[in-house]
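Each of the next two complexes has chain A plus one other chain: chain B in the first, chain C in the second.
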Partner chain A sequence: MYNFEGFTLDWYRELFQDTRLLIIVLNTLVIALLSALISTIIGVLGALSIYQVKKRRAKNTILSLNNVLIVSPDVIIGASFLILFTMAGIKLGFYSVLLSHIAFSIPIVVLMVLPKLMEMSPTLIDAARDLGASRWNVLTKVILPFITPGIFAGFFMALTYSLDDFAVTFFVTGNGFSTLSVEIYSLARRGISLNINALSTLLFLFTILLVVIYYFITQRNKAQVGGIRK
Partner chain B sequence: MENKLTRNLYMVPYALWIALFVIAPIILVLYYSFFDIEGNFSLINYQNFFTPVYLKMTLSSFWYAFLITLFSLLVAYPTAYLLTKTKHKQLWLLLIIVPSWINLLLKAYAFLGIFGTYGVTNNFLEAIGIGTQQILFTDFSFIFVSVYIFIPFMILPIFNALNELNPTLIDAANDLGASRWTTFRRVIFPLTLDGVKAGCQVVFIPALSLFMLTRLIAGNRVITLGTAIEQHFLVTQDWGMGSTIAVFLIIIMFLFMTITGTRKRGI
Partner chain C sequence: MNKLIRVFAAVVIASLLLLFAINRLNSAVGFSSDNTLTIYNWGDYIDDDLIDRFEEETGMKVIYETFDSNEAMLTKIQQGGTTYDIAVPSEYMIAKMLEEDLLLPLDHSKLPNLKNIDERFIDLPFDPGNKFSVPYFWGTVGIVFNREMLGDMEITSWNDLWDPAFENEILLIDGAREIIGMGLNSLGYSLNDTNVDHLEKAKAKLDTLTPNIKAIVGDEIKMLIANEEAAIGLVWSGDAADMMWENENLDYVVPSEGSNLWFDNMVIPKTAKNIEGAHQFINFMLDAEVAAQNTEWVSYSTPNKEALQYMPEDMVEDERFYPSPELTEKLEVYENLGKKNLALYNDLFLQFKMHRK
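Our next item is the complex of A and B:
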């Protein structure tokens, strides 16, 4: 690292020959995609539920409960989930990490979808009902198409949250299973090694790609740039 | 009747999530804080928390979080102000936010390289004749890296507040003969105070609970509340004490949010 001699792709080659690291990368991606998918589904259902609640107080209570996981520090989320999984008898590993990623992504999806639902005119639903649409039709033909931009934004946020997370994963990961952030942490504690730099470059490019996709989605929907991450 | 039941079936997953992953964890943390390391019910953890060791740790944790918030604010406010004056402000804003999308670990790792004994900074110091310094594992490096990480979160709410500011107010202040400094102190700053508060919220609480940076960048010299919780849960396995600190962290969080309370969450 410190004695620059020339350019080389050796570290990338070493990186791609390190099967253990590749499995970890794969784990990370699987966790991210699965958790984003599931949390998007539950989050959309949640947003629809909150939309149905008419009482102002009840709505505010649910919204504050929704935001608990966004405002609380990662360390507390991690520690409390660790207690929860131990009490519930869930073995620490793939499933505990997946469950916790789903859990902390849901509120973000809700926050992305709910504004879209709110700005939808209720007359649209009335019109659809008047024209004889069933509840299911109203949902699939009217509501879902209208909130699709919010759903996509939520999905991408959940994806980046999951890819980014270190603290919560660190608590619930147990032995045998590891994601990239945790692996980088344990490698970095031992010092600098250059295949990590190669890996970082790839991750960086991947993140930029996600950001660009997200940017175009929000641009296309003429929303303002609102995607700040915690 | 059954129709109504199936109608509301879609609410179940979300309600389950609230019960299992929002309410249950908080209760469990509270519950565990009443058990000592052997698993007996006691208040020993709360007694321990008020011994000088833990109080000192809490204070130093506050001090570091305060410094980090202060420096972030000092950098972020002028930056946000200049941003509102630029031509392509949304593009600049996006460029400033991009680093916050990159994995925290990678940023910390990058600074290990930059601040290391043979890193770029030391090469530079060597070249201008100051000589190699120990930069990594000092208070300076810890605060520097934390501020670097938190700046985007501070800039965004301040930028939004400044952007919403009605420019005619500034014109009015100028017309009435206020100097630039008076305009800032009497008009601009008070009107953007909400943004500043929101920014402080999103920086101060996470700064209290940092634990990865304290290990990697500060080399265990700095112990924040977050580090203590991590230590108790994963190293000494004293979950009771860890939960007690977590309970206090939650209380501090609520107090801080009520004090800065604009009910505008920082996201």
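Our next item is the complex of A and C:
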């Protein structure tokens, strides 16, 4: 765009006619949801295992290893994944992007869940065992409900990390598979068409809507707190 | 626990629905069928209608991917994870790809339209006998300038840029060979000069240009010049055509000392699966009428001699984009100078960029 000429909705129409772009948007969402889900599951299991480690030294070592992916630059992670996938013979595309997103989301989930576990009084578990709960019951009825806020926080962190990741994704996309950030980057070099602006507007409204819904849900839940947790 | 399971189930269902939607969309446009052709081209470098027409004529589905630099393209093809059937590298990159054995030879019997290409652009040093590549577009490096902003001052040569009147008015593209090449050309040396003395002199001469330089920028130069942020720019001819379309006050000139002549070429990389389809596509693009339509859309210069008759006359006779034979004589194609010399070019360019006013 060079000069403002007037208002129009043309770009929205063009946006919805551009199937390739729509596919890319959906790809981005699927990758974000699936990678957040899987990394949350693995991350919670990881946090639980780290919590079980009693030796201080071993625990610190594992935690440091966990932080490797967080502190190393995205470009390095992306390049390493590219080399790894090439060597392992994994075709670049949906699965390579999904795997790499899961990999860099897990440490974030672990870091979100672990403090919640630490916060929990160990006497809770002892009390549950005393009252005849099996190990499975302890996990599902005591530990998981207690760390649920941490799990959700981890899930949403993983979701946003995956949604806006560019550097890692840039390396591992291929075979016609692309995510929004990578696509916009390649468009930027040749002058961005205004339908990207239209798309950004829609995504922004969509996120605002999610935030509003989330706000009302938490408000409703707050009203319920104070009762006995099932 | 129940809450967790409910939320996670919702996420799984949402992803499945999305996957289903992607699948439907993909099959609606036909990307999932076997009969596909993957093209890897520069952004904005083909008339989309032609892709539609090719799909209609052959029944193949075209997957069109874009890259923004020769180097990015090389990496993706080297890496081999993607099955590109056609790629469009510039000429210096072809030499490199041949060295690394990344290209498949072309079957000329499947390319009858090859005869449409102007003899000037056939059998060039980077690919003797066009065994591996067919020229797609060509162009020059030159100066774009704003008539309104410069008043009656004329620019016809590289050396005109050193005029003190142009203080802080020049934008340069961020390319080592282009900029060092400008220095070499302005001194009358070859663009492929590897003589260290000559290169040092060119760099010293470029340093004296710094008061006139406003910035060294990437592709945004198109927008900056069209928005009249600066009066003069060193650009590729195709970009110049884009800018002139945006802003009527702009004009383009190929400097009289000579300049670079570049080609983008269609090749079939080693990663190709649909080799038959790739040949069909190259032949399709070589068709005179198709090339004419594509050239009008892209506005770079076409090497297709037969296409010229289908194009508007003012476009063909425009000497800025189809330079006269005398000037063409002075244009040089970049040669692959080898790693050591390229490093020297890059070092000098870096020093030049760091030079202070």
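Throughout what follows, the second predicted complex is superposed on the first by the 202 of 230 C-alpha atoms of A that agree within 3 Å, B and C clash if a C-alpha of one lies under 4 Å from a C-alpha of the other, contacts with A are read in each partner's own complex, and residues count from 1 in each chain.
Heads up, the rule we're going with is that contacts are C-beta pairs under 8 Å (C-beta built on N, C-alpha and C of every residue); 3 or more make two chains touch, one makes a residue touch a chain.
Since the model is a prediction, treat every value here as computed from it, not as a measurement.
Student: Kindly classify A:K141 by the partners it touches after superposition: chain B alone (first), chain C alone (second), both, or neither?
Tutor: second
Student: Report for A:L82: first if it touches chain B alone, second if chain C alone, otherwise both or neither.
Tutor: Both chain B and chain C are touched by A:L82.
Student: Once the shared chain is lined up, is A:R220 touching chain B (first), chain C (second), both, or neither of them?
Tutor: neither
Student: Would you check which partner chain A:T160 touches, where first means chain B only, second means chain C only, and both and neither mean what they say?
Tutor: A:T160 sits against chain B, while chain C stays out of touch.
Student: Is A:A103 contacted by the first partner chain B, the second partner chain C, both or neither?
Tutor: first
Student: Pick one for A:I208: touches chain B only (first), chain C only (second), both, or neither.
Tutor: A:I208 contacts chain B only, not chain C.
Student: Looking only at chain A, is it chain B or chain C that touches more of its residues?
Tutor: B
Student: For A:R13, select first, second, both or neither according to whether it touches chain B, chain C, the two together, or no partner.
Tutor: neither
Student: Overlap the chain B and chain C contact sets on chain A and report the shared residues.
Tutor: On chain A, the overlap between the chain B and chain C contacts is residues 2, 41, 82, 189, 191, 230.
Student: Given the complex with chain B, which residues does chain A contribute to the contact?
Tutor: 1-2, 41-43, 45-46, 48-49, 52, 62, 65-84, 87, 103, 106, 111, 135, 160, 163-164, 166-167, 170-171, 180-181, 184-185, 188-189, 191-192, 196-197, 200, 203-204, 207-208, 210-211, 215, 224-225, 227-230
Student: Spell out the part of chain A that touches chain C in their complex, as residue ranges.
Tutor: 2, 19-20, 22-23, 26-27, 29-30, 33-34, 36-37, 40-41, 82, 85-86, 91-93, 96, 140-141, 144-145, 148, 151-152, 155, 174-176, 178, 186-187, 189-191, 230
Student: Quick check on the complex: what are the chain B residues that touch chain A?
Tutor: Result: residues 7, 10-11, 13-15, 17-18, 20-26, 28-29, 32, 90, 93-94, 97-98, 100-106, 108-110, 112-113, 116, 118-119, 152-153, 156, 202, 205-206, 208-209, 211-212, 215-216, 225-226, 229-230, 233-234, 239, 242-243, 246, 249-250, 253, 257, 265-267 of chain B touch chain A.
Student: Which of the residues in chain C come into contact with chain A in the complex?
Tutor: 1-4, 7-8, 11-12, 14-15, 18-19, 21-22, 25-26, 28-29, 31, 38, 42-44, 63, 65-68, 76, 79-83, 218-219, 222-223, 226-227, 246
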